[in-house]
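Below: a set of structures, written as structure tokens.
Look for chain A in each of the two complexes below; its partner is chain B in the first and chain C in the second.
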Partner chain A sequence: MGDAIAEAFRLIAVGDAALWEIVSLSLRVSLTAVALACLIGLPLGALLAIARFPGRGALIVATNSLMGLPPVLAGLLVYLLLSRAGPLGPLELLYTPTAMIIAQTVLVTPIIVALSRQVIADMHQEYDEQLRSMGITTTGAVLTLLYDARLSLLTVALAGFGRAAAEVGAVMMVGGNINHVTRVMTTTIALETSKGNLAIAVGLGLVLMLIALTVNGALMALRGTQGVARHV
Partner chain B sequence: MSDALVTTGRRALAPARGPDSVLPVAMDRVGYTIDGVTLLDDVSLRIRQGRLTAIMGANGAGKTLCLRLIQGLLHPTAGTLSHASGPVTPTGRRRIAIVFQRPMLLRRSVAGNLRHALKTYGVPRAERAAMLVELLDLAGLRALAQRSARVLSSGEQQRLSIVRALAADPDLLLLDEPTANLDPYATRMIETLIRQAEARGVTVVLVTHDVGQARRLADDVIFLNRGRVTEQTPAGSFFDEPQTAEAAAYLAGRLLL
Partner chain C sequence: MTLRVLVLLILALVAPLAQAADRFIVVQSTTSTENSGLYGWLLPQFTAESGIEVRVVAVGTGQALRNARNGDGDVLIVHARAAEDAFVADGHGVKRHDLMVNDFVIVGPRTDPADLNDSSKAAAALKRIAETGVIFVSRGDDSGTHKKELALWRAAGLDPTGDGGAWYRESGSGMGATLNIAIGMDAHTLTDRASWVSFGNKDDHVILVEGDPALQNPYGVILVNPEMHPGVRAGDGQIFIDWLLSPAGQAAIAAFRVNGQQLFFPSAR
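On to the complex of A and B.
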């Protein structure tokens, strides 16, 4: 175990090409998925927070429930969509990074919708009367709330990133864990552990933790900056 | 912030507003009932162009509710409320600005709050920068433009709220106890701002418990007691010869039970 950890640090320190290729692909897939999920999820969350329409309650329950969507189920759904016989089969996306991005987007979007809805609903309660008195449009209200809740929404995005980066089942199913093509950190850790190659598994685990720490630290620093007196 | 308008006594006559002005605003036998409780009953009043109207009365008399009805945030459950320009649409509501007792400022800088208001009110982009500076100067907040609005003092927050309301270039400005809990210096700055708003042609309705403030500022007084208008009269008459026992007791500082 000690040897494995020492070897892991060595791989990180020397910038092992294979290791960084996997890290790079992982970040590209997860960050793209989170960005897409935010594009879809933040406006939806805001609308769910402030609009009143029949079925809103059911939609809120559905999105809250989908936060717990099992990754393998999301993977299965995307697999069925992208497989040769599926509706999107002709696009030939299965076993590509794009398929992995789609699968992670499916997993992360409900998290973004549900958490952002709660954040924005709380703020809307505070802002509602003022914004209505200004005669603001619904779109204007949504944009105002999204902007003013930006720091809390960053935390929401971070939760989404955590879900995406740590996920194995869905990307394994639609990506196939193909070396140099769709191999990401989590699938590699699973594979290398099963092969008994603990050094690279531990190394990737450390990188994964380092990324989580860096992102959280950056967010905390940003919150600290915004918390003291100066606002944009 | 210039206080010339205060130190010279009565304000300059407000410039006339255009034919699309919401003024006068009239309530005719308006009532407001919620959950079986009547909060306003048979209220008739008129807000006229260029006259500062003070609405006075004890807590729970319905003063703030009157402002919310005039602004269109709530709708009467009885009687009619009419504006000269016709029914108030959501965007037409901008002609009637309201400043709440507790300022609700966005989580932005002082300038950010004003920029948001100018954009919301449809001020052309090219004019926003100049208007921003003008509003900051009007509020006396230029030096604090980049400060978070939420860390300002109560008086500064209230001044920011008032100039934000003025960014809409409203016909009517509704102020709900703008100087509650403020010291005399902060109160004086708010009153100066009210005078300056009037000088811009804005008609002001002021809810206040401060009898001295009403004496200094009001042209007309509406006195509410338990959801009913008991007096509606020029300010001089109200303070010199209140017509009801409730108003006399209120002015004398006796408890209204």
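On to the complex of A and C.
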């Protein structure tokens, strides 16, 4: 473990170009996937929270269950879709960062839908009468609730980011762990482990944790200033 | 309307990530060539000469062949002769070429509990492992090494899969993961020499059996058939194969060293 910590510090101190390439690709892929998942998932979650329609219960159970979708299964499904033998083969997206973003979006969207639905449903109970008295449409209600719940929804997005940044099965399968093209933090850790370079692998793991800490810290700071502003 | 905005936003987010379409090929490969660092040595030389980038997906021979059967890859570098020939015979590959060879070894604890060290024959060693019941970790993943291991058991007249879970354990993982498991269990396993020499977590494990001609490990290179899979970058793939088989490529393979040791021996004819 001492070796690993020394390795983590060495990796950061040296400012290793290969490391930063990998870190920046990890961030680009996972942050883009979370952004896409939020674009799709937040309106959907809010709609599920306030609209009443047949099949709603089944949809809620389905999205809740999909939170447990195994990354390697998501990877396999996206692989079958993007393979040259698959329906989207001609797009030539397999083994590109775009394929990795698609796979992680598939993984993260159910988390965003399920958690934001709960957040919005709780808030809707409070706001329902008020919104109704103002004669606001469903779309208007969705937007209002999403805006007012934005701080809680930030935590939802962080949960999604955690899932995306931590998974290895999906990006390994659809990205292929190609050096300089699709190699990210988690696939590098898997590769170094398979080479028996355990200290480097744990060192990279610590760097990954540090990144997660930085992202969370930055958002927490953002959230802090927002919270203060609201109460001034 | 909202949908259109959403689609535009998604495109805007994904667009910067679209790769500039330089000249590149995708190679589906066994893991030993990647893990040992051979590609890190070889590919920059080829790219400097040809301007073609080589993207390696290192997954193990079984999965590499399956991916290539879907057309996902332009060139195959693998080590399972029978499966390679079947791949070409089924029309998925244009032609198989000898590329290079190294050998398999059986590694185990330095204390050698099954007394393998005096046997230079793989079949005899496997018999002793089965008799003494010391733990043997199998790849169990349909990789080239796994196919070889099963062939060696057959040659020894044994079928250990019936003892699965007892002394015979299938890891279902790549070479590196299997080596980590074997070392953690103080067990034996079959590995190619390149993966072993470059492996960083040997702990107290050593090579116990080596040098049997039955342990030869030939690697082949195959161009995926563009007639079967129209997306294949056949032109650039063939340039890569021609370079690998040329005197320059073969010399580059021979010059690769890990800890001063040559790991791959050119075999193109």
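As a convention for this text, the second predicted complex is superposed on the first by the 217 of 232 C-alpha atoms of A that agree within 3 Å, B and C clash if a C-alpha of one lies under 4 Å from a C-alpha of the other, contacts with A are read in each partner's own complex, and residues count from 1 in each chain.
Rule of thumb we're sticking to: a contact is a pair of C-beta atoms (placed from the backbone, for glycine too) under 8 Å apart; a residue touches a chain by one contact, two chains touch by 3 or more.
All of these numbers come straight from a predicted model, not from anything done at the bench.
Aligning the two structures on chain A places chain B and chain C side by side, free of any clash. Of the two partner chains placed by superposition, only chain C is touched by A:Y95; chain B is not.
Of the two partner chains placed around the shared chain by superposition, neither chain B nor chain C is touched by A:S116. The larger set of touched chain A residues comes from C, when the choice is between chain B and chain C. In the superposition on chain A, contact of A:T193 is made with chain C only, not with chain B. For the superposed model, the angle subtended at the Cα centre of chain A by chain B and chain C works out to 170 degrees in steps of 10. After overlaying the two complexes on the shared chain, residue contacts for A:L36 are found with chain C alone; chain B is out of touch.
Contacts of A:V181 after superposition on the shared chain: chain C is touched, whereas chain B is not.
The gap separating chain B from chain C in the superposed three-chain model is 19 Å, by closest C-alpha atoms. On chain A, the surface touched by chain B in one complex and the surface touched by chain C in the other have no residue in common. Across the complex, chain B meets chain A through its residues 71, 73, 89-94, 97-98, 100, 104, 106-109, 112, 116-117, 120-121, 146-149, 151, 168. Of all the residues in chain A, the ones that touch chain C in their complex are 28-29, 32, 35-36, 39-40, 83-86, 89-90, 92, 94-98, 101, 176-179, 181, 191, 193-198. Every residue of chain A that touches chain B in the complex is listed here, in rising order: 126-127, 129-130, 132-137, 140, 144, 148, 229-232. Those residues of chain C that touch chain A in the complex are listed here as 6, 9-10, 13-14, 17-19, 26, 31, 35, 39-40, 55-59, 67, 69-72, 174-177, 179-180, 198-202, 229, 231.
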